[in-house]
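See below for the structure under consideration.
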Amino acid sequence: MTLEGLLPELTVIRKDFPILERALAGGMPLVYLDSANTSQKPQVVIDTMVDHLERHNANIARAMHQLGAESTEAFEAARDKVAAFIGAPERDEVIFTKNASEALNLVANTLAWRGEHQVGEGDEIVITEMEHHSNIVPWQLLAERTGATLRWFGLTDDGQLDLSNAHELINERTAVVAFTWVSNMLGTINPVAELTRRAHAVGARVVVDASQAAPQLPIDLAAMPETDRPDAVAFTGHKVVGPTGIGVLWGRRAFLDGLPPFLGGGEMIETVRMEGSTYAGIPHKFEAGTPPIVEAIGLGAAVEYLSHVGMDAIHAHEQAITGYALEGLRTVTGLTVLGPLDAASRGGAISFELDGVHPHDIAQVLDSRGIAVRAGHHCAKPAHARFGVQSSTRMSSYLYTEPREIDALVEALEYTRSYFKLD
Amino acid sequence: MTLEGLLPELTVIRKDFPILERALAGGMPLVYLDSANTSQKPQVVIDTMVDHLERHNANIARAMHQLGAESTEAFEAARDKVAAFIGAPERDEVIFTKNASEALNLVANTLAWRGEHQVGEGDEIVITEMEHHSNIVPWQLLAERTGATLRWFGLTDDGQLDLSNAHELINERTAVVAFTWVSNMLGTINPVAELTRRAHAVGARVVVDASQAAPQLPIDLAAMPETDRPDAVAFTGHKVVGPTGIGVLWGRRAFLDGLPPFLGGGEMIETVRMEGSTYAGIPHKFEAGTPPIVEAIGLGAAVEYLSHVGMDAIHAHEQAITGYALEGLRTVTGLTVLGPLDAASRGGAISFELDGVHPHDIAQVLDSRGIAVRAGHHCAKPAHARFGVQSSTRMSSYLYTEPREIDALVEALEYTRSYFKLD
Amino acid sequence: MTTANGQDLDALYQDIILDHYKNPHGKGLRDAHEAEVHHVNPTCGDEVTLRVHLEDGAAGRVVADVSYDALGCSISQASASVLYDLLVGKGVDEAMEIHQEFLTLMQGKGTVEPDEDVLEDGIAFAGVAKFPARVKCALLSWMAWKDATAQAIAGDGDKS
Amino acid sequence: MTTANGQDLDALYQDIILDHYKNPHGKGLRDAHEAEVHHVNPTCGDEVTLRVHLEDGAAGRVVADVSYDALGCSISQASASVLYDLLVGKGVDEAMEIHQEFLTLMQGKGTVEPDEDVLEDGIAFAGVAKFPARVKCALLSWMAWKDATAQAIAGDGDKS
């Protein structure tokens, strides 16, 4: 079948992902609908990593020999690629971390210490009820440890941020506003520019969790007006067809320069004496120790791959699949989607409930048919609590997802209903 | 040539490391003597990672499908392998970090916050002058941020810890003693048991940087008497033939349980509400977000590889090569080794000076002959300062190093002298 | 590597399990208890609140009641129901042995042959052991029971 | 990929460089200066302390002296010596242009043809540009000079 917006080269793209050939128990072909959890890897990412390990492996920066020069060059080229991928105003504003969680913690942890942006008593930190735990707990710890107050945006019944009290929430006491660009549970796309402008107007810093946005939406930070551009943006390598062990914190130079060091150690120093040390500038200041070298190089290949396919095309593909999935899911008796129902204004993660069957049990039956989805709270307990559910089932597509995989899902959900004798 | 203690299967072992076949500029074969900086990777580590990425890739713990189960099983099996490698009393005491630096910072950073082991004014932190920057800066930051006092052991002229004032340095005000097991610059092996016993006697916690010890020495924590066993031990994957992006913090359960969380986010929680969260037990408490999955699995394969060769045999090999190298280096006019001169009581990193040639220039000439060494301060500026030098040249061997590579080094050093017209 | 195909699905969801799931035995929190615990499976969010009531019997302490309130999947709900059937009325020592037997079964990766004399309906969980991701579901209430019982006994100690 | 073989070694260590290394021009810190900076190459530890002395000339400000004390390899030492030769006596604007020319040469990865009329002995550094790890060595004192000169000029501004 063809669907408007699908990637024209879908069959070729699927060939790039070796795991899609994998047969599961009972000879079932894999139907991977858990890409919001982690994405699969194209051959070029794997090959780039192997080539590095087999031919160029060496520590970076510190090594002056040929392997060291090659490794350093490849690592820094990866930084250039990532900078291009998000349209970073400056390539040195791209910090490599181990995942999105570390990137968010880097900011939250250092805001507690003496420095230009230090948060303290009387300050307010604003987050939202739809955040991933990785964008909640760091701010709870910061509030707890500094005496600042944590506040948050609630959600409307259709899974949008409730902005009705935005003016009260974001006020002159607000030090930081942190929120997700795209919700990993509800799929909601939040108004980044609007919220950022509002926060900047009261002098607050803005931290955006782009873990679900970076895989799906074209991002061009340099193209955003200064007022609308967040101060920091985090995302994670393994969701953009890159390896695990690598994440990205982009931060405005002036913001990062004003933060004290996070991890101390090799590479982040200017000079070290026993009595005290001085620190390097960004990006090195926040990259203590041997960084995830082969992982950064793999990530570079990953974002290059995505850019080659085209982020606009990937976004259109995601919207097409998401729309098709929303339609298909609507046909399943007793199924309720959590979050926005309009494919055009949402990301590609769709969480749902099925009356009478617990999400684990749904996932289990689907798995017996080779269909991989996620069941649980998706690291978004507060958002689940907001909708009065303890857990949900989530399907999430990506650039390699085909409509027939959605058909398989819908059919398997019908089978689940009959397996649990719901009719 | 044969040398007592060399690995009997050395030729076979070298075949396991594809990069050793690499030809450099001018067709020079690679002579890799920079293993203390980062080690090369055996094929089995690369293949294990590729197999995971091509066939089993999925997020762990949270995914309930077959790929998720396989990935989780492989990740947790890697924890078992690492636990076995260091003889951890409990496998859950093994925390995966991104490198040794993060492991050390995890401890130093969390000691600043409210908790059983919180460090504050009046407390003393003791380190040594031979530490890697990654075991200096975190403690400087801790001292600075809590008002504790940083103190340190000096060094003797032959590169040993100067223990003459140990009783004064480690006293009832001492909260933490942190030191390296094996120096990455001087090669010195420190008396872990003795120092730990002394620190425990005054109620201090002991953190050992095993980044250079884990690759070379058999470690069996469970076999150490409680009093002599450190409270925490850190090492890094890329120096034990594993990938970058993965490190290990082993910590005594009682110690880790008493530390507050480090990074907050997915996987480290028990439950999350907007008003506050509770945390999981170890190891998950300290593994926020998606961990370096394929990297942990690669590390598991790496330590299994080393254990298969045998850590006793590797240690003997390192000693044999180190002894041979010390002998060879002695023949070079104007060359001075920094650190202990007795191969039996030191690790395999040998730093030296050559009168009249700067380390960069030495490394450069060696590199033109395919010989990779490190030149600079090796992230140990204070140790260099102690010996009145600003930088040095370092050769470091590993299980794949052959005596003829040492011969090549010595010959190339002679060539360096003549190139710079020193005779 | 553990596998799960259509056939295993039936091994997992045996009728006994589905029956306990639909009609759980002993569910609901009852007043008499010496200890109450709340356990969560952090990865999926399943929760159980469980109370233990011990009484002195002729041959030592006896599990007089286990009452619970649980949110979770069929496996975790059914397992709490089976626990109720198996442990209530037993001496604490015997209950601990049954607990150990169930634990061994669940951690056996499908290689342990369950003893029907000891585990009764619990043998239906043999199939669950082949699904590593679901073992935690089956053990949630059992771990909570052990924790609560340990607390109840410790509380006893405090009193004496 | 950049390569370095025996031949390149001679390209790197041209006699001009080794001569400057053995007999550096203008080395030592002299009193007259408006700004002093201390720069470090964090990866290798090479250091330079550098002072800039500006004077008013007929056609604007002139680099009257650059005095320095440096610890480092042959490349970094020779580069400071060449900087001294090239910049002292020049107008600040012209010196900045020479600085830019040297920077372009060093960052050109060996593809930039140096202009001997501008860079004089500095053309000997063309070979260094092929060694990415050594570019920083060659640039250490040049970056320090630019920093110090900017400070000296800013200081002037403060005074006026």
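Note that the chains take the letters A, B, C and D in the order they are written out, and that residue 1 is the start of every chain.
Following the convention adopted for this analysis, a residue touches a chain if its C-beta (ideal position, glycine included) is under 8 Å from a C-beta of that chain, and two chains touch if they have at least 3 such contacts.
Given the structure is predicted, the values throughout are model-derived calculations rather than measurements.
S.K.: Would you kindly tell me how far, in whole Å, the mean C-alpha position of subunit B lies from that of subunit A?
M.R.: 31
S.K.: Starting from the mean Cα coordinates of subunit A and subunit C, work out the distance between those two points in Å.
M.R.: From the centre of subunit A to the centre of subunit C is 37 Å.
S.K.: Can you check how far apart subunit A and subunit D are, centre to centre, with Cα atoms defining each centre and the answer in Å?
M.R.: Computed from C-alpha means, the inter-chain centre distance equals 44 Å.
S.K.: Please work out the Cα centroid separation of subunit C and subunit D, and write it as a whole number of Å.
M.R.: Spacing between the chain centres: roughly 75 Å.
S.K.: Where does subunit C touch two or more other chains at once, residue-wise?
M.R.: Touching at least two other chains: 3-4, 43-44, 131, 134.
S.K.: Using the touch rule from the top of the page, what residues of subunit A touch 2 or more other chains?
M.R.: Only 24-25, 62-64, 66, 68, 267, 269, 271, 360, 364, 367, 375-376, 381 qualify.
S.K.: Chain adjacency by touch: line, ring, star, complete or other shape?
M.R.: other
S.K.: Which pairs of chains touch one another in this structure?
M.R.: Taking the chains two at a time, the touching pairs are A-B, A-C, A-D, B-C, B-D.
S.K.: Going by the contact rule set out above, which residues of subunit B touch subunit D in the complex?
M.R.: 24-26, 28, 358-361, 364-365, 367-369, 375-377, 381, 384, 390-391, 419-420
S.K.: For the complex, give me every residue of subunit D touching subunit A.
M.R.: On the subunit D side, the touching residues are 1-4, 40, 42-45, 131-134.
S.K.: Can you tell me which positions in subunit B touch subunit C when the two form their complex?
M.R.: Residues in contact with subunit C: 61-66, 68-70, 72-73, 267, 269-271, 280, 284.
S.K.: Looking at the complex, which residues from subunit A come into contact with subunit B?
M.R.: 18-19, 22, 24-25, 30, 32, 34, 37-38, 40-41, 45-46, 49-50, 53-59, 62-68, 98-102, 104-105, 108-109, 113-114, 129, 132-138, 140-141, 145, 150, 152, 236, 238, 243-247, 261-269, 271-274, 276-277, 288-295, 360, 363-364, 366-367, 370-376, 378-379, 381-382, 385
S.K.: Flag every residue of subunit C that touches subunit A in the complex, lowest number first.
M.R.: These residues of subunit C touch subunit A: 3-9, 12-13, 18, 43-47, 71-75, 131, 134, 137.
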